[in-house]
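We call the chains A, B and C, going by the order they appear; numbering starts again at 1 in every chain.
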Amino acid sequence: MALNPDRLLPVEASLRPIARRLFAEVETLPIVSPHGHTEPSWYAENPRFPDPAALFVVPDHYIFRMLYSQGVPLEALGVPRADGGPVERDGRRIWRLFAEHYRLFRGTPSRLWFEHSLQTVFGIEERLSPQSADRIYDEIAAALETDALRPRALYDRFNIEAIATTDSALDDLAHHDAVRASGWHGRILPTYRPDAVVDPDRPGFAEALRRFLALAGEAETWSGYLDAHRTRRAYFKARGATATDHGHPSARTADLAPAECELLFSKVLAGTGSAAENELFRAQMLTEMARMSLEDGLVMQIHAGSSRNHNQALFERFGFDKGADIPQRTDYVGALRPMLNVVGNEPGLTIILFTLDETVYARELAPLAGHYPALRLGPPWWFFDSPDGMMRFREAVTETTGFYNTVGFNDDTRAFLSIPARHDVARRVDCAFLAKLVGEGRLEEDEAREVAVDLTYRLAKDAYRL
Amino acid sequence: MALNPDRLLPVEASLRPIARRLFAEVETLPIVSPHGHTEPSWYAENPRFPDPAALFVVPDHYIFRMLYSQGVPLEALGVPRADGGPVERDGRRIWRLFAEHYRLFRGTPSRLWFEHSLQTVFGIEERLSPQSADRIYDEIAAALETDALRPRALYDRFNIEAIATTDSALDDLAHHDAVRASGWHGRILPTYRPDAVVDPDRPGFAEALRRFLALAGEAETWSGYLDAHRTRRAYFKARGATATDHGHPSARTADLAPAECELLFSKVLAGTGSAAENELFRAQMLTEMARMSLEDGLVMQIHAGSSRNHNQALFERFGFDKGADIPQRTDYVGALRPMLNVVGNEPGLTIILFTLDETVYARELAPLAGHYPALRLGPPWWFFDSPDGMMRFREAVTETTGFYNTVGFNDDTRAFLSIPARHDVARRVDCAFLAKLVGEGRLEEDEAREVAVDLTYRLAKDAYRL
Amino acid sequence: MALNPDRLLPVEASLRPIARRLFAEVETLPIVSPHGHTEPSWYAENPRFPDPAALFVVPDHYIFRMLYSQGVPLEALGVPRADGGPVERDGRRIWRLFAEHYRLFRGTPSRLWFEHSLQTVFGIEERLSPQSADRIYDEIAAALETDALRPRALYDRFNIEAIATTDSALDDLAHHDAVRASGWHGRILPTYRPDAVVDPDRPGFAEALRRFLALAGEAETWSGYLDAHRTRRAYFKARGATATDHGHPSARTADLAPAECELLFSKVLAGTGSAAENELFRAQMLTEMARMSLEDGLVMQIHAGSSRNHNQALFERFGFDKGADIPQRTDYVGALRPMLNVVGNEPGLTIILFTLDETVYARELAPLAGHYPALRLGPPWWFFDSPDGMMRFREAVTETTGFYNTVGFNDDTRAFLSIPARHDVARRVDCAFLAKLVGEGRLEEDEAREVAVDLTYRLAKDAYRL
């Protein structure tokens, strides 16, 4: 099961050597990780990771959703219930269940990431199966006892240059403060994610909103609310943040008159907004966040198009983020226009767009980013953070928007061990794409080499102002 | 014109041998055909097929729509008129017209299927042209006179293990009974297709509905109607059915209160339902059918997204299924949610989804089937039952939903001779896809071999409970 | 930087020789250019082209939108302001700015076209860069002084057999008359483009409409308006036009009763039409234009799906066609049905469809064109006039609609020098696609050769009745 050193590079005999040469230029470059979901506490407290199941299965929604789709109950995988009810706690039993169903991951990126971690972090080249399950479990468990597997050691081993976390606007960023106070050399940046106080459809929104205003010492008015964002953004920026992030069901934006905004704010605060008014509030807030980004220089990220908590029974039993968030058709052309007509022509502003709707890559996103100075395209997101997903992205957008309106790779993960695996996949796919352009006489190899380094390293640093 | 033995396998020198080895494992496996439209009478009565035109041209909407698109009148192709008016009846003249326009099929799957039949069934390796038309016509016509070309002989020659037909809920299944009574070894399964008594927009719906209730001895009430379905499903199941099939313009589902259902039923029975109410009735019935599948174990198939009878004049002249059914944009995420919230978490239920909207493969269907235990993805349907269509399907869904939330291949055809040709294409394309994964280091060859057999044989048998 | 003679042909060792043989058959065939935007005055007056920047940068919205997307102001690129305000006028400074940002075009078709022109027209093989900018500028500028670079000489050098321009319905076609009167052998055809008098949402519509009626000597009534179109179409046809062209935001068509049309006409004439009524007027006019095409034999082209002038500030500053026209999701199945139900079954009529929404290629356009005798598919348009865009088009439509419901290539350009470059790309990509079919055993090479010539030459001539 040893990893193929040419994996994901083109198999064609004239392209493979080109791709190898390009990949050699970028394989060992430092990892810049400007968007992700690792725990700040890992860097602050540098704990041991728990057992193999808790590392690879329980928290990984790519893994447990696939097992669930084939009839494995989430309880049997140790996924915690919302009501604290009983679930499997024996890591070894969870691991065996994973091993029994390992064939389900054939052809998926989860398989690639998992085997990359097994081999490069734990030195395990045996394929997972019911026969090998216990043996592999024991090897991983033993390694997890060592200091070499603690987060700070892995940060160095993975050659990470900087990594961003994603943090609620209500977070005090104590872990980030602790990291800085510790004198450790790692660069851990918070990201301002205000969804909990921007999306009136979230459970607990009104309460969160009041805490937010109190935290910033602002009145319960529209202008107080905007100032509270300014205060909290400054708080994040002072702790190293260079970006904000916004997860919205749609990409809709709005540019309403102040009086309309005030009325809308009073409704969402009172919890009396209709579905359409809640949507309009979110839409207006994207424009407000863009305006503030123009003021304070924070890069703005928009992740749009996920229908959250599609499975009602599962949501009630297990809560948020349990694999039942399903992409939906998403418009960008009409949706973004109000915001773009306010800030789209600002070359000093950077708004990075992410989508789960691949049909907009060529039709909408590439033409928009190929025109508006403020827009850039984020890498393929979530289900599309995969070899074919990445290749389709480059094939769909490059002819219209080029390479320089994209921003390199984001690993976007809470699975710490998968970070180098994901960057490895992205670097290989980009080199495969570039090798094809070179082989077909569309780009010369010296240029492809420069682009490979740009896609791996420079674009992410520049776009996120790191 | 001899068939290339490596057709549809990758041309790349390092992939071709892998693909050949995989294909060798599956090339001669039995055909499992769990969804199709062959005539039950063929198996009951084992008739001779009529002349070459009646076999290959007149009933094949892939063939005659292409000829029609280039100005050939359907009358000249012998397609029967709804009013019984005169059409060409001379098979040879129809055949010559086909031969004259044979270049139109370059690059289409119809061409692949036709030439596969010519060569493997009739031993003809000459290309069809105005020059060869009569010669080929005569050879086929002569062969059709022999017993080796009767349906039961072809069933054996094609190595069919089981084949499903598609039958109206009103059908008495007399041909299926006759097959069983005959003691013949072939396995011919009916499929419960209730569209005629579920879709209020069909001409003759109210009359069909009353016949349906009478057939089951039920009252003209909502609960009588549901019981009639239960009775008829049991009738089909007793005759070997393992599945139902539902052809709806959209994938919309609903979960209404009983009182609403009763009101809706009374309206559609009276023919006074609005377009929206008719749609809602169909939507509710998908959920009811899913509930019954949970009771009786019949696998549920949903074919959604065809805009039927787009060409009004043609429909009036020639009736249903004459090539003017056009795919349309189809939502699944919102549409299926009501039904999935009722039955989606049932691992004992199997709902197989088909689409004519490729844009939902990666965005909607793969994430849904990669989460809900009750969902599986059917193979590419209709216009996408083609080499590139199949490859795009695997490329779009595999990374998110894997291989095991798909169900193998369906030939879905009324063209008996094309059955082995279609399975041959599917097996080759799947092997080509797998060979690429192996060549790129994403899957090992021993696993690919197992997957190839699963996609060819096991998944269809398991999913359809054969 | 010498052009790779095998550029865009497949790199795979067994496909490349097939593709080379196919390309050899079509490489030097004459250019038929049935849809484009070159200036009629060029052919009438045969002027010198001005400096390199005015030739390659200032008028090319592909070029300046990419530079703008990375913060280069349009003023610095010499793009004229709507108010006549000051913009850069020094061609050399504009050229240097282009050279500094030349890396942005890596992987884009603009790069391919530009380098094809540099090498084949000017004999320049050096890559554009800040270092080479002045040298290349001087070489081009010197060449532009010679008669060999005048339009009529280039027409011959490019081996153009016929080229269509696109002309307002209000145009007197004086340049076309002048060309004919001059006795020059070039074949320059006008195309009837009535958008200015069909789209009530255009600024100045009512005034244009009155001029139009006056020009034709018709009354301000619905029937006068239709007759004015008949008169003007005949005027165009008498000057060589074989086609009309219609650029609409959507593909919507309608078939209203005459009384409704009259009412609608009176509203749009008075400027009191709502957005919905304006859309309905455009929809009705597509059907009227199709009816007239059936009368007078002009081929009808529909370019649908562009959201024009998306960037409000830019539109106010620079006017129309400045790169802020963004594709949007476009329905064809429902939209075209009213028109198709009037004229779709007419084999004597040709309606050519273009789209900016690739998702409709396989789902909607190929099935529609693979059924209706009146429909044909135009080549990939605008952002998709690119190697990957063309390949995706062939891959998406061929299996359903074949080659013969497509119409060959259109260069659709106002950049005269790019015409042979664009045809070269199209010929190469078509040969690459055909070589793959041959290599995979889906088509025989003698047929592929015939198809290559059809796609390059015959289909365009036939479809446009040249």
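The rule we apply is simple: a residue touches a chain if its C-beta (ideal position, glycine included) is under 8 Å from a C-beta of that chain, and two chains touch if they have at least 3 such contacts.
Model, not experiment: these values are computed from the prediction.
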| item | value |
| --- | --- |
| Superposition rotation for chain A onto chain C, Cα-based, multiple of 5° | 120 |
| Same-residue or different-residue interface between chain A and chain B, half as cut-off | different |
| Approximate Å spacing (C-alpha centroids) for the pair chain A, chain B | 40 |
| Chain A: positions in contact with at least two other chains | 12-13, 359 |
| Sites on chain B touched by chain A in the complex | 12-15, 331, 333-334, 337, 340-341, 344-345, 347, 359, 362-364, 366-373, 375, 395-396, 398-405, 436-437, 439-444, 447, 450-451 |
| Contacting residues of chain B [partner chain C, same complex] | 1, 3-4, 6-9, 11-13, 65-66, 68-71, 103-109, 111-112, 127, 307, 310-314, 323-324, 326-329, 356-359, 383-384, 386-389 |
